[in-house]
C-alpha cells in the first residue's frame, strides 16, 4: 500500500489540525494516523499525518505542490513524502565490529525495516566476507589523516551511485568531517556506546567502569558537526555491577547498541522522527 | 484553564478527524492535543481530542448536545467532558495497608493528581488516625459475609454523599459484589499485586516465590464482575532473585503497587483512558 | 586457564563454608569466586565455589573423588566439574525461525559463550543454508505424530554422536516426549515466548494482545515433562501499547527471546545455575 | 537476632576465605551469608561475611580485637560491626521538598529500614509541621554564605547530640563544606536528581529537557569533597519523551529519587556497601 506522510513544525495557532485534515479529506485521502504535539514553552506545533493514497483524487506526486500554500500560510518547516517499500536506501558505514551490521541485515530479512540496505563501506577490510555472504556490495575505503578528504569524496560518490538516502554509522570508528556531515542533514544516524551526555568521547565503557556507575547505556543520534551533540533519537540502558569486567561491559554494550540503533533506524525509515533544533520528536 | 475532552470510539471511515476537528474549530475551540488510533484488525477508530474553551463561541455546557448529531452519524461510543480542577472526586477503599493511601495523598499534595480525594472507606479501623492526620473523612464499614450487602449499601450512600466519581481500591482486601461493580462501570480502579494474568487470586507474592519467577509485577485495572479480568490500565515489574525472601518480595511489591496504581489513577483523571470491550487504550 | 566449579546443595549447618574452603585451600586451589545462599524457609544451603587449578597439589581429575566424603557428610546434592574452553558442546534444535539460532552463533563468534555449538537439528529444512554458511552440520529430522518416536531416537543418536551435553531449543516448535526430556535432566534449555506463568500454551503474543496487557515477556527454562513448568532460568519484558499490532509484538518478542535465551545459555555454560526442585538459583 | 558483619578489602592471595571462615567457625559463629569479589584488574579481594552470634564462644565485643591480627597479616582495610536493630541512627537533612523525607519515614514504619530516624535538620522551616506529625525532632538551621560555618558547627553538635551515624541528604539544597564532609567519611548519603555523570550541577531536569535525552535518572552516592563525584551507590532511570513538560519530568524524577535514595540507605544500613577508592561494591 502506498502512503503519504507529512511531518510539519510551525508556530501553534487555532485550526491547524482542522485545516490539514480537511486538505487530506477533500483530496480523497484517508488519515491512517495522526500524531501531534504542541509545546507550551516554545509555542510550537509539531505533527505527523499519515494517509492512504488508494482513493486520492490528485496525482500523489502533486501532493507537495498542493500543500505548499497551506504550509506557507502556517510558516512551517515541513516535508511530505510518499512511502513505498523501496523509497529508503541505507548505506552502512562500519569498521571492524560486526554486531550492528549483522543485526540490521537480519532485521531486514525478517521484514522489520521499511527500507533496503544497498551497500556497506568500511575503513577496514575485515568484514568483507560477511558482506559477501549476505550478498551486499562491500567497499573498502581506508582512511588516514592524509587521505581523509579523498576518502570522503569517494564515499560521497558511492552514496550517490547507490542512491542512498540514509547513512547508518554502525560502529564506524572514524570521525566524519563537518563538510561531510552537513551534506546529509538528518540523514546520518550514529550509535554512541554510552548514555549521552555521560562519557562523551573515546572508550566510554572504560570511563563507565572507572567512574563506578551502576548502569550503562547506548545512544543513537543524528550526526552533526559537533561530535556527540547531535539530536538524540533513542537511548536505552542496562544494569551493571562491580562483578562486570570491562569485557563483560562490552558484551552487554553490544546488546544495547544493536537494539538502540535498530529502533532509531526503524523510526527514521517510518518517518516518525521530526528534528527541531538540536532535539527530536519521535512519534509513537 | 478549562478544557473539553472528547473520548470517542467508532467504526473507522474517511474523514472522521477532519469532521471533528472542524466541529471544534467552527466553535472557536483550539485543539491542545489529539491522539488517535485505528485498529486494522477490528476496523475501529479511537481518539481523544482535548481543546481549550477560552474562546469558545457556544456555552461549554452545550458542547455535548452540539456534538451528538455527529456522534450519531459515526455510530460512536463517546463521552465529552469539561475538565476543571475539581471535576474528579476520589473515594479510596482501603483495608490495613497504608502505602497506596499514603502515596496517593502525597501525590495530591504535590499537585500530581487532577482531582480531589474526598474520603476514605475501610473495612478495618486501623488507618483512621492516618486519615485524620491528613484531614480526610474516614468511614469504618466492617464487612462480613452476613453484612456484605448492607455494607455495600452504606458504601454506595457515602459515594453519593461525597459526589465521588472515581473509586480507588487502594489495597482493599474485600471482593465487591457484581451489583456494586456494575453500578460504577470504568469508575473503579483496582491494584492487583501481580503481573496479571499470572498469579490470579490470593497471595501472589507467595505464588511467585513458589514458582521461582525472576520478575514480579503489579497490575492496575478497572474492576469488573469477573475478578482479575477487568481492562488492564497499567503494569510494571521489578527483577527479583533467589535472595529475596517473601518479606523482601512484599517490600519490592509495595514500591510497584504504589507507582502502578498512581499512574492508572492519573491517566483516568486526565481522561486518557478509553475502554473498549475488555481492553483499554491509554493515550500518551 | 583451567578452573574447577563446585555446585552444592545441602541442609544448612555451622561450618560448611569453612570446611569446603579448607578442602580447596589444602589442595593448593585458589578460590576465584564463592557464591552462597541459605534459605531460612527450607533450611537449605546452596553454594558455588570456583577455584583455580594452576597450583593444585592433586590431579584435577581426582577432585571429585577427594570431595565425595565431605559431600556425604553434608548429605549434599553436588557436582564438581573442570571447566575448559571446550567442555560444553551445544546442539541446537530449531524449526523455521532463525533469530535465536543466528544470535547464538554470533555470540559464539564474539567469544561470549563458554562452549561450542556442534550441530543443528531441525524438523524443517528451511534453515539448512543458514547453517551451511555458518559451517554448522545441519540435520533435518521431520516429525509427525506417527514418526515422533523414531525421530527422537535419531535425535538422541546425533546427540551421542556429537557428544553434546546441552540441548538448546532455539524456537523448536515440537513437544518432546517425557522419555526424551527425562533423559537429559537440566540439560535442555527452552525459550518460551511469554512471561510464564502467564500465557502458557500456544500463540502467547495473540493471547497477550487479546488480554490487553501492557507488557510482554519471554522466559527461558529447563525443559521438564510438564510443559512450560520447568525451572525458570531467566525472564525479561518489554513495554507494549495499543499501537502494537500482532506483527509488532512478534518483532519485539524476537528481541526478547534472543537475549533471554542467550543469558540462560551463558549462565548454564558458566555453571552458575543450581537446580533445586522445580526452581533455580542463578548465581551472579 | 544479633549478627556480626565483616567488610574487608585486601590484596588477593590464596586462602583468604578459608582463613576467615575458619576464624568464624572456631569461635562458634555460623556464617549466614558470604559475598566475595576479586578484581583481576587491581588484584584486590573484597568480601562481606555475615554470621550469627547466638553460639559465639567469645564476647561479641571482643571480635574486632580477635580479628585484628588476621587483618594485619592480610594488609586489609576492614570493619567488623555488631548489627542490632538500633545500631544505626539516621539524621535527615532536608530543605523544602518533602517526598524523600516522607518516603524514608514510611519505609521505617513498614519495617524496611534496619535503623532509626532520630531527627531532621533543615535550612528552611517549611517541613516542621510534617516532622511534628511524624513525632520527629525538627531543627531549623538557616544557612547563608555568612553563617555557613556556624550553621555547620551547630549541625555537627546535633549529630553528636543524637548519636547519629548516618546523615541522609534527602534533597538538601545546600553544599556542605569540605571540612564537614570529610568529618563523616562514607557516612553521608546524597541523592542527585540526574543520571551522574550526566548533568552535573544545578537544575538537571532542565538540562535533560534542553538536551533532548530520552531517559532521565537519579543517583545516590556518598558525599565527598568533590561535589557530584562521590562513590555511586545506586542509580535508576525512567523513560521520557517530548510530551513530558519540565513539570512532568520533576514529577517522574520524584518517584526515581525516592526509590534510589531508599535503596542506597537500605544497603548502607545492612552494611552491604564496601567503599574502595571512589567506587563502591554493593553486595546483593
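The chains carry the letters A, B, C and D, assigned in the order they are written, with residues numbered from 1 in each.
Definition applied: a residue touches a chain if its C-beta (ideal position, glycine included) is under 8 Å from a C-beta of that chain, and two chains touch if they have at least 3 such contacts.
Since the structure is predicted, the reported quantities are computational estimates derived from the model, not experimental observations.
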- Query: If you tally the C-beta contacts for B-C and for A-C, which one comes out higher?
  - Reply: B-C
- Roughly how far is subunit A from subunit C, going centre to centre by Cα mean, in whole Å? 37
- Query: For subunit B and subunit C, what's the span in angstrom between their mean Cα positions?
  - Reply: 41
- Message: Among all residues of subunit D, which ones touch two or more of the remaining chains?
- Response: 37, 241, 243, 284
- Message: Using the definition of touching given at the top, classify the network of chains in this structure as line, ring, star, complete or other.
- Response: complete
- Query: Along subunit C, where are the residues that touch subunit B in the complex?
  - Reply: 37, 39-41, 46, 195-199, 211-215, 217, 231-237, 241-243, 245-246, 278-282
- Where on subunit A does subunit B make contact in their complex? 13-18, 21-22, 24-25, 28-38, 55, 284
- Listed in rising order, the residues of subunit D that touch subunit B in the complex are 98-99, 102, 106, 109-110, 112, 133, 241, 243, 251, 254-255, 259, 284
